[in-house]
Amino acid sequence: MLFGVAALFEILGWLLIGQSFLFNVKRLPIIILQVSIIGIIAVGVTQVIITSGIDLSSGSVAAMSAMVAASFAQASGGFLMYFDGIADLPVIIPVAMGIIVGCGAGWLNGAITAYTGVPPFIPTLGMLVAARGVAVLYNDGRPIIGLTDSYKFLGSGIVPVIIFIGVALIFHILLTRTVYGRRTYAIGSNEEAARISGININAHKVLVYTIAGGLAGLAGVVMSARATMAQSGMGFMYELDAIAAAVIGGTSLFGGRGRISGTVIGVLILGVITSGFTFLRVDFYYQEIAKGFIILAAVIADQYRHKRTSGGGA
Amino acid sequence: MMDMIKNMTARPLPKDTGIFLVLIGVAIIFEILGWLTQGQTFIFNAQRLFIIILQMAIIGIMAIGVTQIIIMAGIDLSGGSIIGIAGLVAASLAQTSDNVNAVYPAFTDLPVIIPVLAGLGVAMGLGWFNGAVIAITRIPPFIATLAMLVIARGLSRWYTSGKQVSFFVDDFGFFGSGATPIWIFLGVAVLSHILLTRTTYGRRTYAIGSNEQAARMAGINVGRHKMLVYALAGLLYGIAAIIQTSRAETAQSGTGLMWELDAIAAVVIGGTSLMGGVGRITGTIIGVLILGIITSGFTFLGIGVYFINIVKGIIIVAAVVADQYRHRSKRKA
Amino acid sequence: MKISNLFGAVAIAAFIASSASAETIGYSSPNFDDNFQTILRTAAEKHAKSLGHDILIEDAREDVGTQISQIQNFIASGVDAIMLAAVSAESTPAITEMVKSAGIPLVYINRRPVDIDNLGGKSTYVGSDDYVAGKLEAEAVCELTGGKGNAVILIGILTNEAAQSRTKAVKDVVSTGACSGIKIVAEQVGDWQRTKGADIVTNWLSSGIRPDIVFANNDEMALGAIQALKSAGISMDDVVVAGVDATPDAIKSMEAGELDVTVFQDAEGQATGGVDAALKMIKGEKLGSYTDIPFIPVTLDNIDRFK
Amino acid sequence: MAGDIILTTKGLTKHYGGVHALEDADFEIRSGEHVAIVGDNGAGKSTFVRQITGVEQPTAGEIFFDGKTRHFANPLDARKVGIETVFQNLALADDLDVPANIFLGREEVYFNLGPFSFMNEKKMLAMAEEGLKRTAIKIPNLHNTIGNMSGGQRQCVAISRTVTFASKLIIMDEPTAALGVQETTQVENIIRTLKKQGIPLILISHNLRQVLNLVDKIIVFRRGRIVGALDAKKTDGNEIVSLITGLDTGVHENASYI
């Protein structure tokens, strides 16, 4: 599918613009660079979806984490300090703060989902609204600027790509080789079976949502490092792209099925589409409408896959 | 099926007492805070009450549509976006001829019924599309409508390339003037209440929400009914769009951004269960009023608008969690 | 417009192929839903196309990260110049560096970049000074009211430099000399939107705040304020309402005797100036760091110029 | 042939709100013994099973297992002491393969890192094959996901899960209810194998022919109470039916009630 989409744009590229889409030393790295932030979020969202949950809050959580992280990453000598007297901290502190804030939001998502049993899209929808509000309030809507060089390094060059690949690898291993992964799939596949097998469903769900939140926080850190500033409007609607990437990559919204490798491909397909639209000079409006239909198509395809396989079983 | 219907009619009369008390409670809190911090009354101000209702009439009309969808165990996240495009379409056909920048210079000074029908038609069409996708492909409604959220917003940006549409024929101003929005809101509420409680339409909506399988077995054409409910909700978004456009005297592509959240919040605060099968228009109206009081109260107390978002997020979750516990305790008993 | 769009979609291949010889400018708009940005964007589009060039427009949705991605895509697609109104002025150093290292001409328009001192040569800013807009707005109001009265301020989006500068200018003016009789009694964020402006003013009125002066950061919110005041039965002769931008709606309202002050922000001047600057730099011309497109206060005397 | 008592319940009672689902159940099973539980829908069979497997906690009464009083807070507690259950809904995860399902909730790990422990897939595969061998179950490809298997194969996996862990007591809740004739025979053969190996079994079933063929003792539940305990070799279908329905004709008045 990735190859198909890329080939389509390649052909259209030669037909319409008279140049190659893919074999462009500038374009390929940029596609990967751009999707790496969405990709980090999508790795977390994939795990949530495998438990047959959903997380609509990632974009807002990333923005909130970016604001908090950036406030601890300011260099001295800037004139708009968030914390007076706190400057030039080692880079680990803002990064940790960003991830912790993300984990906190994720934990809350997970705790409400697991312990009250409400459909997960509701608490995460609430978090979508609330975290964006916190992001704006945190510095009264003003951006946070003047970040340290070591923090900005995280967003420079191909560092985001390396972080994305690292995150994808770690969670690929966790999902396929550890008890954590086994439980995640089991819960999504048959929650009752997992419960009877003695898995602590609630605790595990909280863990998965917390990890997803932490990854959204990490994405916020990378995002602000790349922009060399944090701003409350960052990451708007990124959750949609992340969910789309996971679903395009074969993760089933019914739970129990999905792979990080698929999500990485899904993220790349999205990147190719976005970049390809710009490349083909298609107006922005069409991009947006097309993205809506792509999400719809991916989910409908998932629905039919699901129907077919579950029809053969029980 | 017979059992289900019996259960439904045997259920004690709708009680919105609990939620009504919450409404009173919220009002009292703001009243006290009002005297403490502003030295004046919050509630006993006829003008303010009128305004609260006026401001919430548009969200209220949306929420009535969303209520029916949620009763059917669905959800609709696309309301705000549909309002955006429907408002633009209506506005583009309601322009006066002395406007040099008319969207359709050939179609100006049209009778007001044309823009109204066009706006309603577009909204209803998109609503129907939601229902059709959900009914035919059976994908989760929140995904289908999330996609519509993106698509309809894209459509509204495409329609006039983001350009504002203003200068309407005088008749078009009627829908947003004075207390008209409130009357329309009340009319829509009463009609929908009757539809839900007295007609087969309502009976089927509740039946599908409480047990879709059973409804199917009982011979209800579930797919067609879903399309109908989503299309009706779309129609209501269209009405909201026309009032909004008329009231703002302008339409633009960003209109209605995130309004679906307010509508869903009002519905769940009003006691409609996300599990489906349970819910009332009366509850939704009270939910809308609570939301209105909170928004108005925050402005009244001079608290920043961004706090409202945080509070709204918390309220949505709290209302749903409360519903969950009601649901559970009912099951256990 | 709609019909030409449709045709555009269908005939996009022919369209692009025919324009191969022309220059292509990538344009990142901060927000498609913002009226002023739309005027700016369409003016730039019209001007570039009338000169036979292509312009490729993207919407950054008020998100710095998205805007940066779009600019990278422009670079990768090999556009000849990049134009943008920055989502946030503070993000500009990163953008400037990126575009400079790609060797592509860069034009900031409308929103003033923080690194304006680093521009020049192949990068420039074409815009107007928002502080001046606020100053002109407040001074005009001061003259109309004789420097007295209770005032309220409707602020745009807090994140925007324009909202911050205009608000600061208004406060600076009313705190000095002849205008210090003006007291700011309330201020709220109205997100640049007409209905928000109306709702906020209505809420103020019902709380007993009856302003003599409404300072709005833009015309849309000012028009909202007028709606609210009118529906509360307040005569528009008793209240001075001021905005910024001089949009067509605002001019009409002014002629109707409702809006009292607006300041013309020359969207077309900024947009065409920006496109022209880009074309000059593509040809190899070196430009200064800043081209000022002046704000002009609009009164009934000179209103015909702005129709 | 019956040895020591392995499980005893005394006065086991479960109320759901006002509903008395299980009243005062006294029950015992000896090692090596196969006991069937029969009764009408809602008679309390499943409720009884849920109490002794830890899925629910009894309102009153005691459970003695393997010589000690037990309080099972969850199914894992029961499993830890050696009670393995094949639940009516099978409790299998459709998207996982055979070893993953067999070891669900008690994966073999290399070293303990909490949830992030790495699993020893090789060992689990070997143990799963061993378990399947013991019950003479044949599944062509253990790495197939459960969702792609036939009802009989799924049932076999569920059963082999219980056997793999060398349990002291196996409970099967309606193991053949959803199966075809051939698959039912297969499951019945597994049960006979277990009998030969001396593993005690509690079988909940509606199928009286099956019950009479397979087990040593038949316990009849009616309206939440145990109303009869019959020796499978000395009773017949009529007697059981009359106990189940409560329409005892009096013919068997002297049968071996306890």
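The first chain written gets the first letter, and so on, giving A, B, C and D; residue counts start at 1 in each chain.
Convention: contacts are C-beta pairs under 8 Å (C-beta built on N, C-alpha and C of every residue); 3 or more make two chains touch, one makes a residue touch a chain.
The structure displayed is predicted, hence computed values, not measured ones.
Under the contact definition, chain A and chain C share the contacting chains B.
In terms of the distance between Cα centroids, chain D is separated most widely from C.
A comparison of C-alpha centroids places A closest to the centre of the full protein. For chain pairs B-C and A-B, the one joined by more C-beta pairs in contact is A-B.
If each chain is reduced to the centroid of its CA atoms, chain A and chain B end up 30 Å from each other.
Averaging C-alpha coordinates per chain places the centre of chain B 52 Å away from that of chain D. For this pair, chain A with chain D, the centres built from the Cα atoms lie 44 Å apart.
In chain A, the residues touching two or more other chains are 136, 141, 237, 283-286, 288. Each of the following residues of chain C touches two or more other chains: 5, 32, 59, 189. Shown for chain B are the residues in touch with two or more other chains, namely 157-158, 161, 304, 306. Of all the residues in chain C, the ones that touch chain A in their complex are 5, 8-9, 12-13, 16-17, 20, 24, 32, 54, 56-59, 61-66, 68-70, 72-78, 87-88, 90-91, 93-94, 114, 157-159, 164, 189. Interface residues of chain A, counted against chain B in their complex, comprise 54, 112, 116-119, 121-123, 125-134, 136-137, 141, 237, 240, 253, 283-289, 291-293, 295-296, 299-300, 302-304. Residues of chain A touching chain C in their complex: 15-19, 24, 26-27, 30-31, 33-34, 37, 136, 140-143, 145, 223, 226-229, 231-237, 274-275, 278-286, 288.
On the chain C side of its complex with chain B, the touching residues are 1-2, 5, 31-35, 37-39, 41-42, 59, 186, 188-189, 191, 193-195, 198-200, 202-208, 223-224, 227, 231-232, 247-249, 252. For chain B in complex with chain A, the residues that touch the partner chain are 75, 133, 137-140, 142-144, 146-151, 153-155, 157-158, 161, 258, 261, 264, 268, 274, 304, 306-310, 312-314, 316-317, 320-321, 323-325, 328.
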